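As structure tokens, here come the structures.
Two complexes follow with chain A in common, the first pairing it with chain B and the second with chain C.
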Partner chain A sequence: MANIATQRIKREFKEVVKSEEVARCAIRIDLVNDSWSELRGEIAGPPDTPYEGGVFALEILVPETYPFNPPKVRFLTKIWHPNISSVTGAICLDILKDQWAAAMTLRTVLLSLQALLAAAEPDDPQDAVVARQYKEYHNIFKTTAQHWTAIYAGGPNRIGEYETRVTRLVDMGVDELTARAVLSANNWDLERATETIFS
Partner chain B sequence: MASGASVEFDRSTSTSSSSSSPHPKSKSKDKTVTLTTTSSDSSHKVSSATLMKCEKVTTKVGGEPPGPSKSKTFKPPENWVDAPEFVPSWLASSTSSPKTSASSEGDSFGSGELPSYSEIVGEKIGAEQDASSSVVTQALPILDSTSELCPYAMVGECRYGYKCVLLHGLKCDYCGQSCLHPSDATQRERHMKECVEQHEKDMELSFAVARSIDKICGICYEKVMSKNPPGEQRFGILPSCAHCYCLSCIRRWRQARQFDNKIIRACPECRVTSDFVCPSRYWVDSKEEKEKLIESYKVALSKKPCRYYRNGEGQCPFGNKCFYLHALPNGTVVDVGPPRRISGAQGRVRTTAQTLSIWEYIEEWEMQWLDIEDFMGMFDSDTTSEFSLPDMDDDLDGDDELFLDWDRM
Partner chain C sequence: MASSSSTASTEEASTSQPEKKEETKQKKEDDGEESDKESDEKMFECNICLDTAKDAVVSYCGHLFCWPCLYQWLETRPNRQSCPVCKAAISRDKCIPLYGRGGSGKDPRSKIPPRPPPTRTEQTDNGRFSWGSNEGNGGFHMSFGIGAFPFGFFASAFNFGAPGTAPAGANFMTPQQIEEQEFLSKVFIWVALIFIVWLMLA
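On to the complex of A and B.
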């Protein structure tokens, strides 16, 4: 990795470790290996959102051209959010793409992601299915996001009713993750979900 | 006339000048009083002769011009200067000029009683023994204002000390050098002025260093003044905001072609667009400093020949808006007129990503040592005829005069 990138990541790492956000457990960065090119990030779900109480893991890949190019970040923890792929964890956030600026840091990126969880942009979606639900069935979106946070990110609001339907599909031989995803995408309509899976 | 002559006479015999210590001065006054009273009382030859001697002593030591009453009785010697005068060898060269002037004056003295050499010297020694020889040594370096200052004493120590034939100046409080001429006020003034100016410059520099030393580049996060190699220790000043970057980082950011022009021309921290980056050795805080810096940068650019214009062989797409020099080989500066459109054969497909600004041109040129290949490649892939200009009305109106945005088609 280019010298400037390594140098900067090292400095940033220290900055994040010392930051007050770390002190109150809002963000965190860990090393994955000694190369400084791959890092593991963590952000806490922001309060008063469906993601509250959850902790979301992020994969951060630092390109050699960093900071002239943004780090490649995706969610490792599954999340139900219009701007994050529910399948791959890919993020649609302008600053990680064409609006990147060389003065941005890992800390600002993680804080931006936290802000993204608090303020979704359904008109510029990464996951069109989630975005449609967000716009058309906002309450279902909220409970689904809560439920996903509980299941995958350690959140508190597990929806028992949703999980019962997942179990029904699992009983039919459907993989649990697929079952939950399809049910979520179909607004937890078991019939339509079954149709989608078996047609 | 006689009084003037006696002063000259005084200077030639003892090198003490009129600016000697006040003690002998007061002494001479006392004697002058005695002289006037006695001369009124009696006209004895003997007494007048002793008075004459006395006066000689007083003028010698005190240097005070004798009063008009004295000059009547006192006739200076006609050619006493021709007497074998004792002049110390280390004094010979410095006293030569006053001596010659005195000798010429001495000829015009006319007749008068001539004191012997021993009389003069004897009186002189007698007077100076109590008037302290330090008066002489102090006064020694004080010659006339044309005398040169000793270069050794100026920078530190002269091994001849007070015996030096050159002047030892007074110490300047600013530079600490003994370079103030003791008797030349204009020289002192000039020197002090220079010194103050230098001092101000030094202060400015140390302020500049002080405000720059801890500045951290917002891109590489390193202290700009501590970057290695030292060639990297340069700031890239953005005219539109006050965020700090090192020159290489901000230039590299502005070269980042994977982003929209608007993005890379903006400050990476505040997103305020700056049309160019001004290189600087030091960080600038105030608006005035910044304006001064940018102005000097533009002046410097205007002296470099434009690489598109090529001394008249080529065409510069930026026309008279170009910041580089458009001059013929003979040095004539040419106004090539406003930027002109060079039409290409292609269709008019414009993408913002292909937008090129004059400032990029400048920056890329200025950073030749970095990746000029990339820059050249950008143009070599197309022909120069593909350089085309946008509709002037759109781009020049309301735009900063310093900035032009050209589309490549």
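On to the complex of A and C.
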């Protein structure tokens, strides 16, 4: 990797480790290998959101041209959010694309992602299904996001009723992840989910 | 704390404790000075490489950069040049060089900073040369590792080889330089045409 990129990542790594957010366990960063080109990030779900209590892992790939081009970031933990793909974890956030600025750091990126969890932009979605639910059935969206946080990110608000429906589909021979995703996309309507899967 | 009637060993321990305290106090003071120094140095860190700014320039919006770093940032986004910190409009002419005591006093912007070497291989007939008149000291600037280029350029101009194509490595040139180059190559072609017409008529 180009010298300036490695130099800067090392400095930023120290900055994150020293930051007060780490002290509050709000963000964390770890090395994946010795090359400094791949890092593992972690953000805590912000309070007063459906993601509260969850911890979300992120894959951070640092390009050779960093910091002149943004790092490539994606969620490794599955998450139900209008601006994050529920399938791939890809993130739709302007500062990771054309609004990137060279003075931004890993710390500010992680904090921006945390802010994105607290303030979704359903009009500029990455996951159209989630975005539609967010706009049309906001309460279902909230409980679904809570449920996903509990299942995949260690959150506290597991919704028993939802899980029973997942189990029903699993009993029919459907893969658990697929069952949960399809039920979520169909506003937890078991009949419609079954139709979607078996039609 | 051990009482006054304690055994020798605890006395020893109690006397050594205040010393330790002093030591830690001393250490804390040192740390304080160090962190002061650190924060002072941080004041003069480039906002891009996070190192102490070399060939420092400051934008109109007040943000400090190394000129090589800022140059590369501006080159990365030639059409949308904005301050990496606050996104205010920024350009080569909208920043001020900083001269500390003991510096060379030369305008850091007058030199194009060293850039990473290109990874592409050069085509033999695709000439390239850098016209440096707007760099403040007249004369020619040869871009990084492309020594024989002026001749290649003349050759391609007189060969009428693809006059309109964008020159290779144009991403390393400022828009003015590209414009100048296109203008020059057109001039050369017209001179050549006029010369040929004159030869035929004479």
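Going forward, the second predicted complex is superposed on the first by the 199 of 199 C-alpha atoms of A that agree within 3 Å, B and C clash if a C-alpha of one lies under 4 Å from a C-alpha of the other, contacts with A are read in each partner's own complex, and residues count from 1 in each chain.
Definition applied: a contact is a pair of C-beta atoms (placed from the backbone, for glycine too) under 8 Å apart; a residue touches a chain by one contact, two chains touch by 3 or more.
As the structure is a prediction and not an experimental result, all values here were calculated from the model.
Participant: With both structures lined up on chain A, is it a clash or a fit for chain B and chain C?
Facilitator: Aligned on chain A, chain B and chain C clash with each other.
Participant: If you stack the two complexes on chain A, which partner ends up touching A:4: first (chain B), second (chain C), both, or neither?
Facilitator: In the superposition, A:4 contacts both chain B and chain C.
Participant: Looking at A:103, would you say it contacts chain B, chain C, both, or neither? Reply first, second, both or neither.
Facilitator: Both chain B and chain C are touched by A:103.
Participant: Does chain B (first) or chain C (second) touch A:89, or do both, or does neither?
Facilitator: neither
Participant: Using the superposition on chain A described above, determine whether A:68 touches chain B (first), chain C (second), both, or neither.
Facilitator: Both chain B and chain C are touched by A:68.
Participant: Which holds for A:12: it touches chain B only (first), chain C only (second), both, or neither?
Facilitator: After superposition on chain A, A:12 lies in contact with both partners, chain B and chain C.
Participant: Residues of chain A that sit at the chain B interface in one complex and at the chain C interface in the other, please.
Facilitator: Residues common to the chain A contacts of chain C and of chain B are 4, 7-8, 11-12, 67-69, 101-104, listed in rising order.
Participant: List the residues on chain C that touch chain A in their complex, please.
Facilitator: 47-51, 63, 69, 72-73, 76, 82-85, 87, 116
Participant: So in the complex, which bits of chain A are touching chain B?
Facilitator: Residues 4, 7-8, 11-12, 67-69, 98-104 of chain A touch chain B in their complex.
Participant: Quick one: in the complex, what on chain A touches chain C?
Facilitator: That would be residues 2, 4, 7-8, 11-12, 65, 67-69, 101-105 of chain A.
Participant: Once bound in the complex, which stretches of chain B touch chain A?
Facilitator: So the residues of chain B touching chain A come out as 218-222, 243, 249, 252-253, 256, 258-260, 263, 266-269, 271.
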